[in-house]
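Below are two complexes that have chain A in common, paired first with chain B and then with chain C.
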Partner chain A sequence: MKLELASFYVKDIQFCEKTEFRDGILKVNKQELIELLLCDNRLKDVELDIARPGEETRIIPVKDVIEPRIKASGNSVFPGFLEKPLTVGEGRTHVMKGMAIVTCGRIVGFQEGIIDMTGPGADYTPFSKLLNLVIVANPAEGVSSYEHEETIRIAGLKAADYIAKSVQDLLPDDIKTYETKPIFESISKYPNLPKVAYVYPLQSQGLLHDTYVYGLDAKKIVPTFIYPTEIMDGAIVSGNCVSACDKNTTYVHQNNPVIEELYERHGKDINFLGVIITNENVTLADKQRSSDYAVKLAEYMTLDGAIVTEEGFGNPDADLIMLCRKLEEKGIKTVLITDEYAGRDGASQSLADADPRADAVVTAGNANELIVLPPMKKIIGLVDAAGIIAGGSQKSLKKDGSIEIELQAITGATSEIGFTKMSAATY
Partner chain B sequence: MGKFRVVHYINQFFGQIGGEEKADIPPQDKEGPIGPGMAFKMALGDEAEIVGTVICGDSYYNEKKDVAKNEVLERIKKYNPDLVIAGPAFNAGRYGMACGSVCKAVIEELSIPAVTAMYPENPGVEVFKKNAYILETAASAAGMRSAVPNMAKFALKLLKGEKIGTPKEEGYIPRGIRKNIFVEETGAKRAVNMLVKKLNGEPFETEYPMPVFDRVEPAPAVEDISKATIALVTSGGIVPKGNPDHIEASSASKFGRYDLENIEYLTPEDFETAHGGYDPTYANEDPNRVLPVDALRDLEKQKAIGKLHRYYYATVGNGTAVADAKKYAENIAKELIADGVQAVILTST
Partner chain C sequence: MVKELERAGLPTAHVCTIVPISQTVGANRIVPAVAIPHPLGDPTLSREQEKEKRLNIVEKALKAVQTQIDEQTIFE
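Then we have the complex of A and B:
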C-alpha cells in the first residue's frame, strides 16, 4: 500500500470573507464554518479563535487536536465518520502542515488539557508550535456527557475537513511517499534485515476513554493488522478524555512518530512490516485476550523485534507489561515507550506493573512534576477548568491568573508514542 | 562575608572515645573538628569551617532512636550551623543508620542541608537515600582519603545553593528520585535507535530500569495437614501487651517471637497491635482477628491440623522497606524450619 503525503505549509491563519489558501495564508470564513458545525443540533453555540505560536494565549480545556487532511480525489479522510468505512491509505493525501484544529469548550470529563502558546508551559506541549484554529463549542441542554464527547469529536473532524478542502485542488509544496508491501513481498525484498512491527495499543477503557478504528469502538476489536498509511489517512480517531499529557490526540495518530521513524530505518537497519493495533480494555480477561492475540499476530508475522507504545497510565501499564512479557517470551525483542507517575517528588515507583523482561524502555517523563504556568493575556475557553482537570486541584488557579498544576494537565506533554523530547533520569 | 558554619557528626570510634565497648555512650559535643574533622577542615579551606563536632555511640543512637536523635539535634542546633556533615560511615551498619537518621532530621527539622557518605551496601543507604544525599565511599576507613574531599566539595555546593547534577556527575548514590529532563531526540527516535541496538546485540541503556518485583511461587500443598505443625506469622503487629520488643509502628526495624503455650485465644488484656498504619480499634478489641489463635486451637481439637506451633512471629508491615521485610522473613523461616514447622499461616492487614 502506497500513500503520497502532499504538504502545504501554513504560515498564518486569518478570518476573512472567503475560505481559501493562498501564498501560505489560510483565510477562513468564520460564519460559514460556524454554521456548518451548528448543523448538529446537539450543539448550542460555537465560537472560533486563532492562537499563534509565541502569543500570550492559553487554550483550556483542550479536548482534541486534529491536522486538516483531505484526499486529492476529493474524498474525506476519517473513514467511518466522514466517509464510508472503506479502506484508506492509498493514493494522494493533501496535508496542511504547521497548523491544527483544536477543540475546546465546556468540560466533558476531568481529563482535558491546557495548551499555552508561550512561556514555560509552551515548552512542554508540541501544539504550542502550531497555528491553532480553536473551536470553542458547547452542547445544547440535556445532551449527555457521552453525546457531548461525540458531538465535539465530530465537530473537530468536520472542521478539519472543511479547512482541508481549501487545498484540495492546489499544488503542494512537497510530496513524501510512504509504502508498505504485503508481508511476504517485504520479507523477500529484505531477507537479511530484522523483521519489525509496531504494536500500537489504543486507549479503550470506556467511560470517555475510547478510540475509534474506521468508526468502530476499539473496545470491541480483537487485535489486527493495519497498514501504517491507513493511520495517516485518519483510520484511527481519538475520542477520549484520558489525562491530557499522555492522551494520543487525533493529530498524533495522523502523525505517529514511531511509524515515521520506523519508515526512516526501513530497508537500512530493519524491515518494517507494518502495525498491529490492539486495545487497553479494563478487565483482566480482556487484557489476556488482547495481549495473547496481538502477540500471536506478531509471531504470525515472524517478527524479530517490536516497539510497543501506550496511552494513559495505571491500568494500561498492565497491558504494556503483559505485551512486553509475552513478546519477549516468543523471542521478539521489544522496546516500550511509556511515561511515569513517580509522585510530585519523583520518589515513588513510576509504573503500576513491572517485569524484568522490560529491559528497554523509553520514558516520556514524570507526569506528576509540578509546573507554574504564568498568567496569559488571552484565554480561549474556560480557565475555571484548571480546578477540575486531572493534574489540577481547587488550589491550582491563583488570583493573578497563574496556574500551579502537574504536567499531567498539559496536552501532549508526556506523549507515550514518543512525540516529545522529554525524558526522566534517576537522581 | 564570614565562613559557612559546619557541624560534624561522628561516632564514638572516630570521636576517639573508644571502640565497641564505648558504643553505648550518649551524645556529647566539642568545639571545632575532631578525628576526620581535621581532614575536613583542610578540604573545606577558607570557605567553611567546622565549628563543632557531635559524637554519639552507635549502639546508643540505634537503640534510643528518637531520644538519641533529639539529643543530637539539640547539640547541633547550639552551634547554629549552615550545614551538617555526618560520617563517612563506610560499611559500618549502625553508624550508617545513625548518619542517615541525623541527616534526615537536620534537613527536615532544622531546614538546613546535610550530607553523609557510605558504602553502597551499608543498610543506611537503603533507608535514607531518599532523605539525604549519600556520597559513595569504599567499604572501609581506608577510603577516608578520597571520601573527605568529595564530601567537602559537595558540601560547599550545597552551602552555595549550586545546582546538584546527576549521581554520576556528583558521586552520590542514586536516590531513586525521578526528574524530568529534555533531550535531543524525540521518544520515538530514541525507541527505534534502542530497538536497532537490541536487535544487533549492541549495548543499550534503558531510560527506566524496572524496579524488581519479587514474585514468590506458592509452595506445593502440605500432603497431610492433619499431621502438620502450623505456625502463625503476621505483619499486622500483634504483640504481647506493652510491646516488649518495641517494634516500631512504622518502618519496623525488627520482628518478635512470642510464646503461645497454654493460650487458648488472645485476650485484649494480654495482647495488642503495634501497627500504626490501620485503625487499631478492632485488632485491640479482639487480637484473634489479626492473629487467629482461637481458630487454630479449634482446628487442633478437631484434629484437622497436627498442632499449632508454640511460638508466633510478628512484625509491623507499614512503610517497611521490602529489603527489611525480606531479611526478617528469611530469619523467621530458618527458625521455623529448625523447629520442625511444616506450614505457616501468614496474616496481613
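Then we have the complex of A and C:
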C-alpha cells in the first residue's frame, strides 16, 4: 500500500468572507463553518477562535487536536465517520502542515487538557507550536455525556474536513511517499534486515477513554494488522483526553513519530513490516486475550523486533508489560515507550507493573511533576476547568489567573508515542 | 494499603481486577474482581445476578483472610 502525503504549509489563519488558502494564508469564513457544525442539533452553540504560537493565550479544556487532511480525489479521510468504513491509505492525501483544529468547550467529565501558546506550559505541549483554529462548542440541553463527547469529536473531524477542502485542488509545497509492501514481498526484498513491527495499543476504557478504528470502538476489536498509511489517512480517531499528557490526540495518530522513524529506517537497517493495533480494556480477561492475540500475530509475521507504545497509565501498564513479556518469550526483542507517574518528587515506582524482561524502555517523563502556568491575557474556553481536570485540584486556579498543576493536565506533555521533546536518561 | 495492613499483623485480601499488578506490588492474598470501572459489580447483569456475584467475591475474600498461605496466592 502506497500513499503520497502532499503538504501545504500554513503561515497564518485569518477570519474573512471566503474560505480559501492562498500564499500560505488560510482564510476562514467563520459563519459558514459555524453553520455547518450547528447542523448537528445536539449542539447548542459554536464559537471559533485563533491561537497563534507565542501569543499569551490559554486553551482550556482541550478535547482533541486534529490535522486537516483530505484525499486529492475529494473524498474525506476519517473512514467510519465522514466516509463509509472502506479501506484508506492509498493514493494522494493533501495535508495542511503547521496548523490544527482544536476542540474545546464545556467540560464533559473531569478529564480534558490545557494548551498554553507561550510560557513554561507551551514548552511542554507540541501543539503550542501550531496555528490553532479553536472550536468552542457546547451541547444542547438534555444531551447525555456520551453524546456530548461524540458530538464534539465529530464536530472536530467535520471542521478539519471543511478546512482541508481549501487545498484539495491546489499544488502542494512538497510530496513525500510512504509504502508498505505485502509481507512476503517485503521480506524477500530485504532478506538480511531484521524484521520489525510496531505494536500500537489504543486506549479503550469508556467515556473519554475510547479510540475508534474505522469508526469501530477499539474495545471491540481483536488485535489486527493495519498498514501504517491507513493510520495517516485517519483510520484511527481519538475519543479520549483523560490525563491529557499521555493521550494520543487524533493529530498524533495522523503524525505518529514511531511510524515516521520506522519508515525512515526501512530498507536501511531494519525491515519495517507494518503495525499491529491492540486495545487496553478494563478486564483482565480482555487484557490476556488481546496481548495473546497481538503476540500471535507478531510471531506469525516472524518478527525479530517490536516497538510497543502505551496510551495512559495505571492499568494500561499491565497491558504494556504483558505484551513485552509475551513478545520476549517468543524471542522477539522488544522496546517499550511509556511515561512515568513517579510522584511529585519522582521517587515513587514509575509504572504500576514491571517485569525483568522489560529491559529496554524509553520514558517520556514524569507526569506528576508540578508546574506553575502563569496568567495569560486571553483564555479560549473556560478557565474554571483547571479546578476539576485530572492533574489539578480546587486549589489549582490562583486569584491572579495562574494555575499550579501537574504536567498530566497539559495536552501531549508526556506522549507515550514520543510526540514530545521530553525524556529522561539513567546514569 | 494491603502491605501496610499485613505489616500491622492483619491478614488482608486484595480484591482487584488486574491481578498481575497486585502480584507485582506484592499482595499475598489476591481475589480477582470484575472490571476496573466496577470491581465489585457488573452493570450487564440483572440485580439478582449481580447481588450473587458480589456476594461471591466478598465470601471469597473472607475465605482468603482465613486461609493459611506460604506464598502469593490467587483465590479464583
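FYI, the second predicted complex is superposed on the first by the 424 of 427 C-alpha atoms of A that agree within 3 Å, B and C clash if a C-alpha of one lies under 4 Å from a C-alpha of the other, contacts with A are read in each partner's own complex, and residues count from 1 in each chain.
Note that a residue touches a chain if its C-beta (ideal position, glycine included) is under 8 Å from a C-beta of that chain, and two chains touch if they have at least 3 such contacts.
The structure displayed is predicted, hence computed values, not measured ones.
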Subject >> Which of chain B and chain C A:299 touches, first, second, both or neither >> reply: neither
Original post:
So, does A:354 touch the first partner chain B, the second partner chain C, both, or neither?
Top reply: both
Subject >> Touch count on chain A, higher of chain B and chain C >> reply: B
**OP:** Report for A:262: first if it touches chain B alone, second if chain C alone, otherwise both or neither.
**Re:** first
Original post:
Is A:40 in contact with chain B, with chain C, with both, or with neither (first, second, both, neither)?
Top reply: neither
**OP:** Would you check which partner chain A:147 touches, where first means chain B only, second means chain C only, and both and neither mean what they say?
**Re:** neither
Original post:
With the two structures laid over each other on chain A, which partner does A:333 touch: chain B (first), chain C (second), both, or neither?
Top reply: first
Subject >> Touching partner for A:284 - first (chain B), second (chain C), both, neither >> reply: second
Original post:
chain A residues touched by both chain B and chain C?
Top reply: 354-355
Subject >> Contact set on chain B toward chain A in their complex >> reply: 130, 164, 166-167, 174-192, 194-196, 198-199, 204, 206-213
Original post:
For the complex, which residues does chain C have touching chain A?
Top reply: 17-21, 24-25, 32, 34-37
**OP:** Can you check the complex and tell me which residues of chain A touch chain C?
**Re:** 205-206, 282-284, 287, 315, 317-318, 321-322, 352-355
Subject >> In the complex with chain B, residue positions of chain A that touch it >> reply: 123, 194, 196, 256-258, 260-262, 264-265, 269-270, 304-307, 333, 335-338, 340, 342, 345-347, 349-351, 354-356, 358-366, 369, 407, 415-427
